[in-house]
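Two complexes are shown next, each including chain A; its partner changes from chain B in the first to chain C in the second.
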Partner chain A sequence: MTYLSRTLHALLILFLVVFGGFPIYWMAVTALSTNAELYNTGQVWWPQIGNLPMLLADLADVPLVRWLANTAIVAVGTTLLSLTLGALAGYALSRFRFHGKGVIGFLLFMTQVVPEALILVPLYAMFISLGLMNSLGGLILANVGFSLPVAAFIIKGAIDAVPYEIEEAATIDNCPRFGVLTLIILPIIAPSLAAAAVIAFFAGWNEYLFAATFLMDNTHWPASVGLASFIGQYETPLSAVMGAALIFSLPAVLFFLIIQRKIVAGITSGAVKG
Partner chain B sequence: MPHIELDHIGKSFGTTNVIRDFNASIADGEFLVLLGPSGCGKSTLLRMIAGLGDITRGILSFDGRRVNDWTPSQRGVAFVFQSYALYPHMTVRENIAFPLVMDAFRKWYHIPVVNTVMRWKLMRRADIAERTARIAEQLELTALLDRRPANLSGGQRQRVALARSLVRDPSLYLLDEPLSNLDAKLRTQMRAEISTLHNRVRKTFIYVTHDQVEAMTMATKIIVMNKGEIQQIGTPDQIYSDPANTFVARFVGAPPMNLLDVATARGTVSIPGGPSWGHEAAPENALMGIRPENLVLNPEGDGPIPVEVVVVERLGAETIIGCRILSDRRDQRFLDTDLVFVRVQGNPRIVAGTRYALSYAAEDVRWFDRATGAAIPHATALPNCA
Partner chain C sequence: MTDLLLQADAKTPVARSARGGIRWRGMLPYVFIVPPVLYLAVFMFYPLGRQIWLSFTRTRLMNPNRSEFTGLSNYERLFADPEFYMALQVTVVYSALAVILGVTVGMIAALALNRPFPGRAIVRAVLLFGWACPNVAASLVWLWIFNERSGVLNTIVTGLGLDRIAWLTTTEMALPSILLVTVWQVAPFVMLVMLAALQSVPEEVKEAARIDNADSLSVFRAVTLPHVMPTLQLVSLLVAVWSIRRFDIIYLLTGGGPIGSTSTLIVKLRQIAFENYDLGLASAYGVIGLILALTVAVIHALFNRRRQKRSQQ
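Moving on to the complex of A and B:
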């Protein structure tokens, strides 16, 4: 790599880092500004650490921990259920031949075409009938409906790439079908599982529409609905909103940082001939 | 150790018959090689014996018991795949121990998370650890036990695959072209290792290959297959010396048996438009087959078949000489089918374009029916040709 291309490469990475990181930085700057600065005198460009006690005082009365816990329950529940069912569905779609396989694949794909808002009313009726209103379990189910097909397709694609001989070898070695899936296939496709987990987790973490519709009790709210409740008719405490949003985004960033190594390992694993 | 019977075995995919009416008996401790070109159904047959593929027709029995519906694990077979099929996320030690760990697994051990814990625990069980270490030592894998398959060479991976198949001490070993991904040198080495292994464990081996060198060097018995049908069953010597038909004659041997399109009449053999010579008891409407090493290259005029050297392949210990029979035919092409190959020892000074004469001993000739390609029973100890 020449000096020029190395420099261009570095500049490009720098630009992408700034482009991606600036909103988070700006969130921190805004959170540590006073509302007077934000609405009247103009915002400064750097974080004012001295305003931290004031921010903490503003957030003291907000049930942020509960909201974050609710969000985590929804996100983790959505991820676990999507991956479990997605692994079974993906394996069946990849390895079994059965009538209607193409139709099932098509219908799963179609779930991605239908916008959430479109099924909100029918889903509302179903939730009332099933007694799922105002429950985090119901919210998880609604989210899984959207993230499961994506997970199933990602996992199916990954299993397609695993040589069938490996499964046959495991069968010869006295491993039953379910064991083949859990002991052999899933560890091999771990990077794809990580990718599916990221999608399902963020679908659950960022959930707003269903939560705002189905959860009436503010103790069940996830952080997204809680944050939106800051917006008042006459006043919106911008610094408190941004402070809460910052706290809301940190666990998600942490989750991604933990799992991204797996994803990168998966992307590069086929690059070098074994 | 099972005595294996394949009784009218057939396999179809839809309307396509891949294997038709396959009958064979495989004795205990035999090293049977299924030899044939790609697509002849030999791997399909091996997979049916392993239980990895359904049997469409016929009965497969081990020691007289019908096993058509048995699972692979019930059959107690080991299978070595062409691509080795090692578990890429496991170390060599885990790969080798996997069959033992699975044998010790109870149903509830397969519950996610429990399975990982139990596998970890079983890997440390004394008998499993000891047996894994012993097999690894036998196959010189001890130093590699903590590596993953991606960090091994082709030969090492092959040895891991063999170790994994050995560890459970099965009664039947099935090997599906296990050496085809190795380079020539390693293939020779692994060939010797597999033969040694067979001599040591004294179990039944069924080995699939399209490489006749592997078949000839390792087998105690060979089944030559083509288009889903058995062409010949016999020892390597029988297959080579007395091929049952022109397919076997041309498939086994490198270069293959020379098949001369001759006309025969009243003790005389002649090449249309070319030379003729005396040959007692030559059948009519037959192709004349003779192995390259049974032809003798003489100076011009000192033999019944005048030839011109076209190709000289020097292999070091021996030389293969491709000759064209001198005839008046104008449609002769420089193709393998038209050339007569002669194998001579050493590295003689022979150059292309030189003319020689070929001779042979009559007992080395094999005759094949021109219409069916089947071998015609030959009389031995005939006098040398004129």
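Moving on to the complex of A and C:
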């Protein structure tokens, strides 16, 4: 590489890092600033760790723990239900040929095209009839519709790679088919299962539209709705808002970085195999 | 009962095929596939069907389970409404630019990261922040970055001796600002996928081209680009569908305003349903949005089929 092209390359990387990383960095910097700095004297450009006690004191006034607990309930419920149903669908799509398989694969793919907002109103009407409004359980039921197909595609792809002979040995030993799936296949595909779990978990963790529509009572709010309620509201110091946003984001960012390749494989395989 | 059924299947003769699984005589496949399909039928396809049905009715949010069939009247109102054409235009422009800008930036990032340099793993991780950050948190920090009086962008702008820019509150700037956030979110995904595709380009072919004295641009055009083209098409179509679907960041950053300049069909759907309580008209907006997304998906499927045919030859 010539000197010039190496310099250009470095500049390009620098630009991308600033563009990609700045908002998260700025969240941290803002969280560790005082109100006076943010609105009057001008924001300091680096995080001031000395302001951490002030941030923690301000955060104590935000019901962040309750919001995060609600978020965790929704995320765990979405994960468990998506994986259970996704494993059944993934196994059937990978191992069997049956009438309607093509249609089912197409319908699973279709769910990824449907905008959340498009089924919002009918779900709203349905949840009123079923008494599921204002309940975290109802929210989980709504979320799973979108994360189940992704889980199914990831699990199908993983099972495709497991040789059938392993199952044959087990079925000859008279192991029921359901036992084959839970005791033999699922442990083998554990890494893919973990990826599907992370995707479903953070789909539930991040979800906003359904939560904002179905949960009226603020004791049920997950963190996404709670944080969004800060928009246009100026009682909570901005530093605390950014601190809460950062705490809410960190788990998602960390886990996404850990399993990035699997996520991409899951999303693209769902799109390719539809 | 099911247990008996499952055990008996061990003796069912099976015809195995190289592709697509095993052909079963019994009910076994349905034992597995029915629960997830039933689930989707109730919580995805029934609501979807009902939404389409609602677009042919007069239904109010106060009483969403009582509708009066009115035929095409919602669509007549829709097609007579200048706000609809505005929303359609915003959706198409927003989605097209999201694809063009998101894919370009993501592709450039992938090419920049496709050669080794010190700290590459860290750079790669940092570039993914926008994709991994939850929508609500992203909206909060970008609202602050765009803040007209004290936000960092205007600090830079005034530092350069220019006038403050109203990033989110003028019709000229709101959509470009939203696109900036969209690119921040979408480009990392494009980068990840394209990086994987670029790493599968056979090194020998590139080497052979270089020995023939081809410069790096022509190697890229003749070898690399054709190899990654199918993947590039795929991510473009994914980004297009996501843009048509996108709600959170638009709603939280501008609420669709000012004067509808960032109101996509989907944002409009939520607004008409929950602010004007007019579920019929809202559903008509949604149906048009769905048709748009489906068109993109069909284009994708056609590309996909053509590619598969070509690779079989």
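By our rule, the second predicted complex is superposed on the first by the 218 of 274 C-alpha atoms of A that agree within 3 Å, B and C clash if a C-alpha of one lies under 4 Å from a C-alpha of the other, contacts with A are read in each partner's own complex, and residues count from 1 in each chain.
In this section, a residue touches a chain if its C-beta (ideal position, glycine included) is under 8 Å from a C-beta of that chain, and two chains touch if they have at least 3 such contacts.
Not measured: the values here are computed from a predicted model.
In the overlay built on the shared chain, the residue A:Ile184 is in contact with chain B alone; chain C does not reach it. The wider contact with chain A, measured as residues touched, comes from C rather than the other of chain B and chain C.
Of the two partner chains placed around the shared chain by superposition, chain C is the only one that A:Ala152 touches, whereas chain B remains out of contact.
Look at A:Leu246: by the touch rule set out above, it reaches chain C but stays clear of chain B. Of the two partner chains placed by the overlay, only chain C lies in contact with A:Ile104; chain B stays clear of it. Look at A:Leu136: by the touch rule set out above, it reaches neither chain B nor chain C.
In the superposed pair of complexes, A:Ala117 makes contact with chain C only, with no contact to chain B.
After overlaying the two complexes on the shared chain, residue contacts for A:Ser224 are found with chain C alone; chain B is out of touch. By the document's definition of touching, both partners, chain B and chain C, reach A:Thr171. In the superposed pair of complexes, A:Ala92 makes contact with chain C only, with no contact to chain B.
171-172, 174-176, 178, 274 are the residues of chain A that lie in the contact sets of both chain B and chain C, per the superposition on chain A.
Note for the complex: chain B touches chain A at residues 50, 52, 71-73, 77-79, 81-83, 85-89, 98-99, 102-103, 105, 110, 112, 115, 119, 149-151, 164, 168. The residues of chain A lying in touch with chain B in their complex are 163, 165-166, 168-176, 178-179, 182-184, 187-188, 190, 274.
Of all residues in chain C, only 3, 6-7, 9-10, 16-17, 20-24, 28-33, 35-37, 39-40, 43-48, 50-51, 54, 61, 64-65, 108-109, 112-113, 115, 117, 123, 125-145, 149-150, 152, 155, 184, 187-189, 192-193, 196, 231, 234-235, 237-238, 241, 244-245, 247-248, 251-252, 266-267, 269-270, 273-274, 279, 282-283, 286, 289-290, 293-294, 296-297, 300-301, 304 touch chain A in the complex they form.
Residues of chain A touching chain C in their complex: 9-10, 12-13, 16-17, 19-21, 23-24, 26-27, 30, 38-39, 42-43, 85-86, 88-89, 91-98, 101, 104, 107-126, 128-129, 141-142, 144-146, 148-149, 152, 164, 171-172, 174-178, 181, 202, 205-206, 208-209, 213, 223-225, 227-228, 230-231, 238, 241-242, 245-246, 248-249, 252-253, 256-257, 260-261, 264, 267-268, 271-272, 274.
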